[in-house]
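Okay, handing you the structure first.
A, B, C, D and E are the chain letters, set down in written order, and residue numbers restart from 1 in every chain.
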Amino acid sequence: MTQATGSLHTFGRGGVHPDPHKGATSGREIEDLPAPSEVVLPLLQHLGEPAEPCVKKGELVRRGQKIAEGGKTGVPLHAPISGKIKPVDKRPHPTMAVAPSLAIGGNAEAGPELEFPEDPAWRDLPLEESLERVREAGIVGLGGAAFPTWRKLQFARAAKVDLLVMNGAECEPYLTADYRVMLAWPAEIVEGSVLIAKMAGATRVLIGVESDKPDAITALSKAAAALPTRDIPVEIVPCVARYPQGAEKQLVFAVSGRTVPNRQLPSAVGVLVQNVATAHAVYEAIRFRRPLLDRILTVTGPGIVTPRNVRAPLGASLSDIVEFCGGLAPGTSRMIAGGPMMGRALPRLDVPLIKGMNGLVLLTGRGPLEDGFGPCIRCGRCLDACPLGLEPDQVSVRVEVGRTLDTEPHGALDCYECGCCSYVCPSSRPLVQFMQVAKAALRRAAATRSAS
Amino acid sequence: MSDTTQQFVLSPGPHLHTEESTSKIMWWVNGSLAPAALWGVFVFGLGALAVIVAAIAGSVLTEYAAQRVMGRRPTLGDGSAVCTGLLMALTVSPNLIWWQAFLGGVFAIALGKMIFGGLGFNLFNPALLGRAFLMATFPLQMTSGWAAPRPWFGAPLDAVTTATPLAVLKEQGLEAAIRLVQSPVGLWNALALGFRPGSIGEVSLVLIALGAGILLARRIITLAIPLSVIAGLLLSTLHTGLPVLHLMSGGLWLGAFYMATDYVTSPSVTRAQIVFGLMIGVLTGIIRVYGGYPEGICYAILIANSMAPALDLWFKPKRAAIAGSPS
Amino acid sequence: MSETTEKPPGALQLLLNGIFSENPVFRLALSLCPAVAVTTTVANGFILGVAVLAVQVLSSLTVAIARGVIHPRVRIPVYTIIIAVWVSAIDMTLAAFVPALYAQVGLYIKLIVAFAIIISRLEVFASRQPLVPSFWDAMGMGLGFMLALMVIGALREVLGAGAFFGIPLFKTKPLLFFALPAGGFFSIALLMAFFNVLERKLTGGTSKPAAGGHHG
Amino acid sequence: MGERLRSLLAPLAPFALIAGLLLALPLLQPRARAADGGNAIESVRIQTPDRVKVTFRSPLTPAQSAAANFRLAEAAAPDAPMEIKGVEMSDRVVTITAGQALHPTESYRLDVVDPPIQHDMKPSAWAVLVTLFLSSALINNFVFTRYLGLCIFFGVSKKRDAAVGMGVTFTAVMIFTAMVSWAVDTFALQPLHLGFLQILVFIGTVAAVVQFLDTMLRKTHPALHKSFGVYLMLITTNCIILAVPLINAQGRVSAIEALVLALGSGLGFALALFLMSCAREKLELARVPKAFEGLPIAFALAGLFALAFMGFSGLDFFR
Amino acid sequence: MSELVHIDGAPRPKADPKVIAGIAMNLALVCAVSAIVLGGVYVGTERYQRMARLEGERTAVGALLQLGPGSEVTEVEQYLDAAKNEVLYRAREYGNEAAPVRARVFSLSGELRGSNDDAGAEPPAGLEPLGRMFVARENGALAGFVLEGESRGYKNRIRFFVALDSSLAVQGVRVLEHEEDPGLGAEIATPVFRAQFTGRTPDEIAAIGVTRDPMPEDWHAALAAYASSTGAEAPAEWRTLVQRERGKPIYAITGATISSRALTRGVKGAVDHFRRRWSLLAPQLEPAGAAK
C-alpha cells in the first residue's frame, strides 16, 4: 500500500516545500580539493567509543594507512594524506568546541597513497569477512548520523530485516553531494547496495530518489539493470520532492509503505536504511579494501563565491575548502554544516571536515529566529507541516509557561527535529528548540522516576 | 583570503524560513476586506466611513494603551488590532454613531483580547465580541433604522430607514423581504451585489467572495470551515424552503470566511474545523428561524468559539506512526 | 473544638477587617452568586446586603449565646438550622414591609441560607469568641458584604441605567451592557482587578490575589 | 479506540438512565380528559402557529365540520372561546384555524357540539420538555444568566476532570432533590399552609438526599463513590441545588416541569462547567495581566460566555 | 450539612446510646425552638404581607383608574368547576373580608345557573382559579375595570393589570411582576411602552399587533408627555396623535420583540376575555351596585 502521487511515492502527511536552491551546484561535477598542508582528525567522529591512535608522534604515514584503531564499538581512522603525525592534542571540533585529535602535516617524504588492489573473490566473501572489511575501512553512515556501518549491519541482521532502503532522496535544500555521487558512481552504488543487503540479510533493495533528479534515477536504473546477478533485486523508486522525504521513517513509508512506530528504528518493520554515499564506500571497502579517506560535500549558499561539489580529504580545514570555493562572499553571516533545515550552525571556519558532514551552506542576512518571535496565533500550519502529526504549537506554549512535563501527550518525545514546524511558523517561533527543551525535560523526569 | 577566526552567528535551526509572517497574514486579511469596506462606504455614505475609522481607532489605541500599561512591546505593526477594528466595523449597522463604534473597538480589544494577554490567547473572536457588546449596549442603533442603500449613483443618502431582509423575513415573510430589496437589479442581484440594507461590510457578497478568494489563494484560510458553515446553514434552513435566501443574506459570508476562520479562536485540526463549522452553520440557522434575532451568525460563532477548546481536546492530529505492521 | 485563649481583636479592627482586608466578595471571593445577580442597582445591593447583615449578626449572636447547649457533634447542622431560621424570618419580614424591593431579590434572599460566608463566620468566630466580639465580627462581615454589593450595584446602575439609587443621572442609558448578566460579570472582574492593584500598591505587593472560594 | 470509547461513555451512563426516564415521559403524561370516554377523537395536535389538527376515529359529516360545531378556548379561559377562522375537513381529519397563535406548551380545551365531545388539550410533553429544557439549560443558564452556583463554578472549573465529575454529580443530585422537594412541597407544605418553613425544609431535604445518595453509592458502587463522592460532599449547602426547589415551589409547577427544570438546570450547569474548564485550561497558557490573574479573569471569561450565550435568547421551536 | 457531619465525625466513633440520645434531644430542642420562632414570625408578618400586597394592588387600581376618594372597588374572583363545566364568579368589596360575597354561576356558554348573594367567605374546594378583576364605581356610577392578567414572557410569566374605562377602552396597563432582561425586555414596564395601549377600544385591541418598526419621534414624545402627566388632563399633542396611532400596531421595544409581544398578547387576551365575561356579569352586578 505504498502511497503514491501519480506514479511518484511519498510519505503520509506533513512536510514542506522550501525553495530547493540546488541549481548552483547540481550541474557541477565533483571536484577534488588540492591536498591540504595539514589535516586534523578528531578521534571521535562517529557514534561509539573514540578511536585509539596506533601511530606515534613524528611517524610518517602514507595516505590510506591506518592511524587509529576503532576499539569494540567504533571504527578505525586512516590517514587521508601522506605526512607526518603530530602529537594528539585538543583541536577545534565542529560540534564539540574542542576534542582530542590526531593531526598530520602534509609531507611528500611519506610516500604516495597506499595501493588497494582488487580482491577477485569480492562478491562471494563470507559474512564475517565482509563486515570486517566494512569496519576496517572506517565506514560510518554518510547521510549525517555517522553511526558505524558495521554495527548497524549487525543489528539489522539480528533484527531479521528483509528490505534494504537506499536513501538517495537528498531532500535538504541546497545540497547536491548525494546527487553528484549517484551520477558519478551509479554502478558502484548499486553493487554496494547489494553487498549491504547481503550483509544485513535483506532480500530486496529499493533506492528512493526524489523526482527532481531524473538523470540520477536513469543512471541508477541502468546500473540496476546491468547487475550481473539477480538474487537480490534492486529497484529505483522515484519519490516526490518534498522535505523531509529523506528522513528515515518518511522514506521507508514512501518506498515500501511500511510504517515505523514512534520511537523505534526501521528495523522494527524489517527495514534497513542506508545512504547512497555509504553504499559507494562499502563497495570500495569490500572490493578493494579501500578505507574511507575522503568526504564528498556540497559547498554552497549565497555566502560562497563559487559553489561547488567538493571531494576533500577528511580532516581538511573548512577554511581550505571555503577558499577552494572562492572564499566567502561579503555579508556572509552564518555557516551551516549539513543542510539548512536540520544542519547545525558552526561558529568558525578553523574546524576540520569530519565524516558526517555532507554539506556546508553559507548564508547571508539574519537568521529566521534572530529577531525574536511572536505569540502562537494557532494558525495550525505546524500541525499540517509536522510529518509525524505532533503538536509543536501545544508543546511550545506549554514550554513557554514552564509546563514542560505536560508536553508528552502532544508528542514532544517523538520529535526528530526535522524543522518543518519552525520553517512554516508565521510567528517565527523556535518550535524545534521548544521541542528539544520539552524532550530533554521529559527524559530527565523519566530518568528520575526510574531511578527512584 | 578568508579569516579563519571569523565568528559566524550561531542561530538555531532550521536556517530557512517561509516568507509568511503574522503581520503579512493580518495585512493581507485587512487588504482583502478593503473592497467590501469601500462598497459599504459607497452605498451607505460617509457615516459608514466614520464607523469604520472610529472602530479601527478604538481598537488600535486600546491595544497600544494596554500594551503600554502591561509593559509589553507594542505590536501595532502586526495589523491584528486594525483587523479586529475593521472586521467589527463591517459587522455593525451603518446607523451607528462614530463614538459607539469607537467604544465597540475598545471593548473588543480590551476585554476580548488584551485581558487574556493579547494576540494568540483570546478565546472568543474579539471583533464579534465587540459586535455583541454593541448589540447589548446600543440595541436601538444596532437593530433598527437601517440605512437604505443608495442606487447606482443615485441621490445621496437621506434619512430613509428600513429593515434588513432577514428582519423582514422573520417578521413579515418572504414577500415582504422581496419587496424590501426591490431594486433595479432584482432580489438575487441585490443580495449578491450589495444594494440592500445591512451591516456595512456584509452586503456585497461578490466583493466578500473576492476577498475570500485572495485569502484562499494565498492559503491564509482553507475551505474547511467556510464550507461546513454553509453546509450547516443549508441543512438547518432546508425545511423553511428558503435555504438559498438564508445563504445569500445577512452576514453569513463575512462570518464564514473571515470570522469563523480566525486562527486563534477556531480549532486547528481539519476534522475539528468541520465540526466547528457545521456547529456554526446549524446554530445560525436555528437562531435565524427559531431564535430571538433575525441574524444569527455572530452569536453562533461566539458559541462555537466557546466550544473550540473542547474540540481541540477531542480532535488531535492523526499521528503518522501509531502501529507498525509490514504491509 | 477548643476555645482560643488569645484575646479577640477590638471592635473597630473587626469591623474594618470585614470591610477591607477580608472583604467577603472582593477578597475572600465567597458568596459570589448574589454579587452578580442582584446588583443591577444600588438599592437591590443594599437590600440584600441588609438581609445578609441581619442574618449574619443574628446568627452570630444566637450561636454565641447558645453554644453552651449545642452538642459539638451536631454543631454544623444546628448552625445551618439557626441560619435557615433567621433567613426565613428576614425573608418574611422583608416581604411584608418592603414588598416592592423584595420582589426583585426574593429568590436570592432565600438563598442566603447557602452562603458560605455566614456559616464560616459562625464556625471560625462566633462559636469560639464571646458575645461582643462576635457581634462586631458579624457586623464587619455583613457591612463588608453590603458595601461590596452596593459598590457593584453603583457601577452597574450608573453605567447600565444611567442612574444612581433610582435617580436618573443621564437622559439615556449610557452602557446598557452593564445591566445585563454579561456586564455583571465584567463589573466584578474589573472591580476585583482594581482592588488587586490597589492592594498591591498599598501593601507593596506582598499579599496574594483574591483566592477562589469553594462554597456558594 | 474501544477503550477510549468506553472511557468516554462511562460518565454518560447515569444520563442514559435519565434519558430513558425522559423517553417514558409521554407515557406518564396524564391522559386527556374527554367527556366521551376518549372514543370519538383519536388525536389532537397543534400545528404552529395557529392550527389544530383533530383526527376523529370515524369520518364526519359535512354538517359536523362547520365552524360552529367547534369551540376552542384557552384552558385558563374556558368561558371565552377564541375565534375560529376556518375549518377544513378531509375524511377523519379536521383542521381548525384559530384566530390567535397557539403554543403546544399551553393547555387548551376543545369542545365539539355534534357529536358532543369535550377534549382537554394538555401541553405536549415533548414541547414542554424541549421548551423548558432549552430554557433552563441554555437560555436561562443558571450560571450565565441567573448567577447561581458561581462558587462551585469558579472553584471547580480549573481542572476538566473535576468539572466533568462535578457536572455529572450535580445533575444527578439536582434531579433527586428537586423531585423529593417537589413532593414535599406539593403534598405537605402547600396543603398544610406551611410555606414559611420552605427554606428550612428544603435545606433539610437536600441534606437528607445527599446523605442518602452518598450512603447508597458507597454501598452499591464503591468505585463510583470514590470518583464522585468528593463532589457529593461539596454539594449540600450549595445555592444552585437549593434554588431549583425554591423556583419550582414559586412557580407551583407540575411534576414533569419540576423534573425537566432540574434536568435542564443540571445539564446547563454541567455544560457551563465543562466549557469553562476547557477555557481555563487554555487560559493557563495565556499571559494574563497580573491584576486579572485568578478570579478576575475567570469572571471576565464568564462574562464573555454570558455574552455568547445571549445568542440562545428567545429560542422557541414552537413559535 | 452531611458533609460537615462527616468531617466532624470522622473517623466515626462507636455509637454510644447515651451520646445519641443527647444529640437527638439537642436536635429536637433546636427544631422545636426553630419551629416556634418561625411560626411566631410567620404569624407576625403574614398580616403585613397580605396588607402590603393589598395596598399595592389598591394603589395600582386607584392610580390606573384615577379614582377619587368617593370610589369603591369590587373584587371579582373567577373559578372553574371543571366537573360541572361551570364558571363561578365571587364578588365582594375589595379588601373587606367581612363584606358579603355575591356568587354567580354560569355555564361555559353563558347561561346563568345559580345565584347567591351571601356566599361563604371561602370558595368551595376543588375549583380552579381563573383570575381576578376589579370593578370600580365612583359615586355609584361605573368608573372602570382593572383586569389581572398573565402572559408567558421571555423568561417567566409576566403578571400585569389592564385598566379599562366604562366603555371598555384601555385606560392604562401596569406590569406587576416580570423577570425580563433589564434594559431590554424590562422596558415593557416603562410608562412610554405601556402608554401605547391607552385609548384603544376593545375592537382595536382585538386586532392589535406588534411591529418592529421604530416608533415615530412625535409619537414617542407624545407618549412621554402623557406618561408624565400625573392624573391631570392628557396633553394635547397626545390627544391628537392617539387618533392616528391607536389603530396601528404596538411598537416593540428595540431588541425585545418577544417581551413586547408577550405583554401585548396578554393585554389582548385579558380584554377579549373580559368583554365576554362582562356581558354576562354586567346585569348581575349592575343592579346591586345601582341599589347601593
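Here is the rule we go by: contacts are C-beta pairs under 8 Å (C-beta built on N, C-alpha and C of every residue); 3 or more make two chains touch, one makes a residue touch a chain.
No experiment lies behind these values; they were computed from the predicted model shown.
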- Query: Which chains contact both subunit A and subunit C?
  - Reply: B, D
- Query: If you tally contacting C-beta pairs, which pair wins, D-E or C-D?
  - Reply: C-D
- Average the C-alpha coordinates of each chain, average all protein C-alpha coordinates together, and give the chain whose average is closest to the overall one. B
- Query: Comparing centres built from CA atoms, which chain ends up most distant from subunit A?
  - Reply: E
- Query: Centre to centre, by mean C-alpha position, how many angstrom separate subunit B and subunit C?
  - Reply: 42
- Message: Taking the mean of the CA coordinates per chain, how far is subunit C from subunit E in Å?
- Response: 34
- Task: List the centre-to-centre spacing of subunit B and subunit E in whole Å, with centres computed as mean CA coordinates.
- Result: 47
- Query: Roughly how many whole angstrom separate the Cα centroids of subunit A and subunit D?
  - Reply: 67
- Contacts with two or more other chains occur in subunit E at residues 1, 4, 34, 38, 41-42, 46, 154, 181, 184, 258
- Two or more partner chains touched - positions in subunit B: 111, 117-118, 121, 133, 135-136, 139, 292
- Task: Can you tell me which residues of subunit C touch two or more of the remaining chains?
- Result: 77, 80-81, 84-85, 88, 92, 176, 180, 182-183, 186
- Note on the structure: Listing every touching pair of chains gives A-B, A-D, B-C, B-D, B-E, C-D, C-E, D-E
- Message: Quick check on the complex: what are the subunit B residues that touch subunit C?
- Response: 103, 111, 133, 136-139
- Touching subunit D in the complex: which residues of subunit E? 1-4, 6, 34-35, 38-39, 41-42, 46, 80, 82, 85, 87, 106, 108, 110, 130-131, 150, 152, 154-157, 181, 258, 265, 269, 272-273, 276-277
- Query: Hey, which residues of subunit D end up touching subunit B in the complex?
  - Reply: 160, 274-275, 278-279, 281-283, 285-289, 292, 297, 300-301, 303-305, 307-317, 319
- In the complex formed with subunit E, which residues of subunit B make contact? 135, 139-140, 142-145, 161, 163, 167, 171, 292
- Message: Quick check on the complex: what are the subunit D residues that touch subunit C?
- Response: 144-152, 154-155, 158, 196-200, 203, 207, 234, 237-243, 246-247, 250, 289-300, 302-304, 306-307, 310
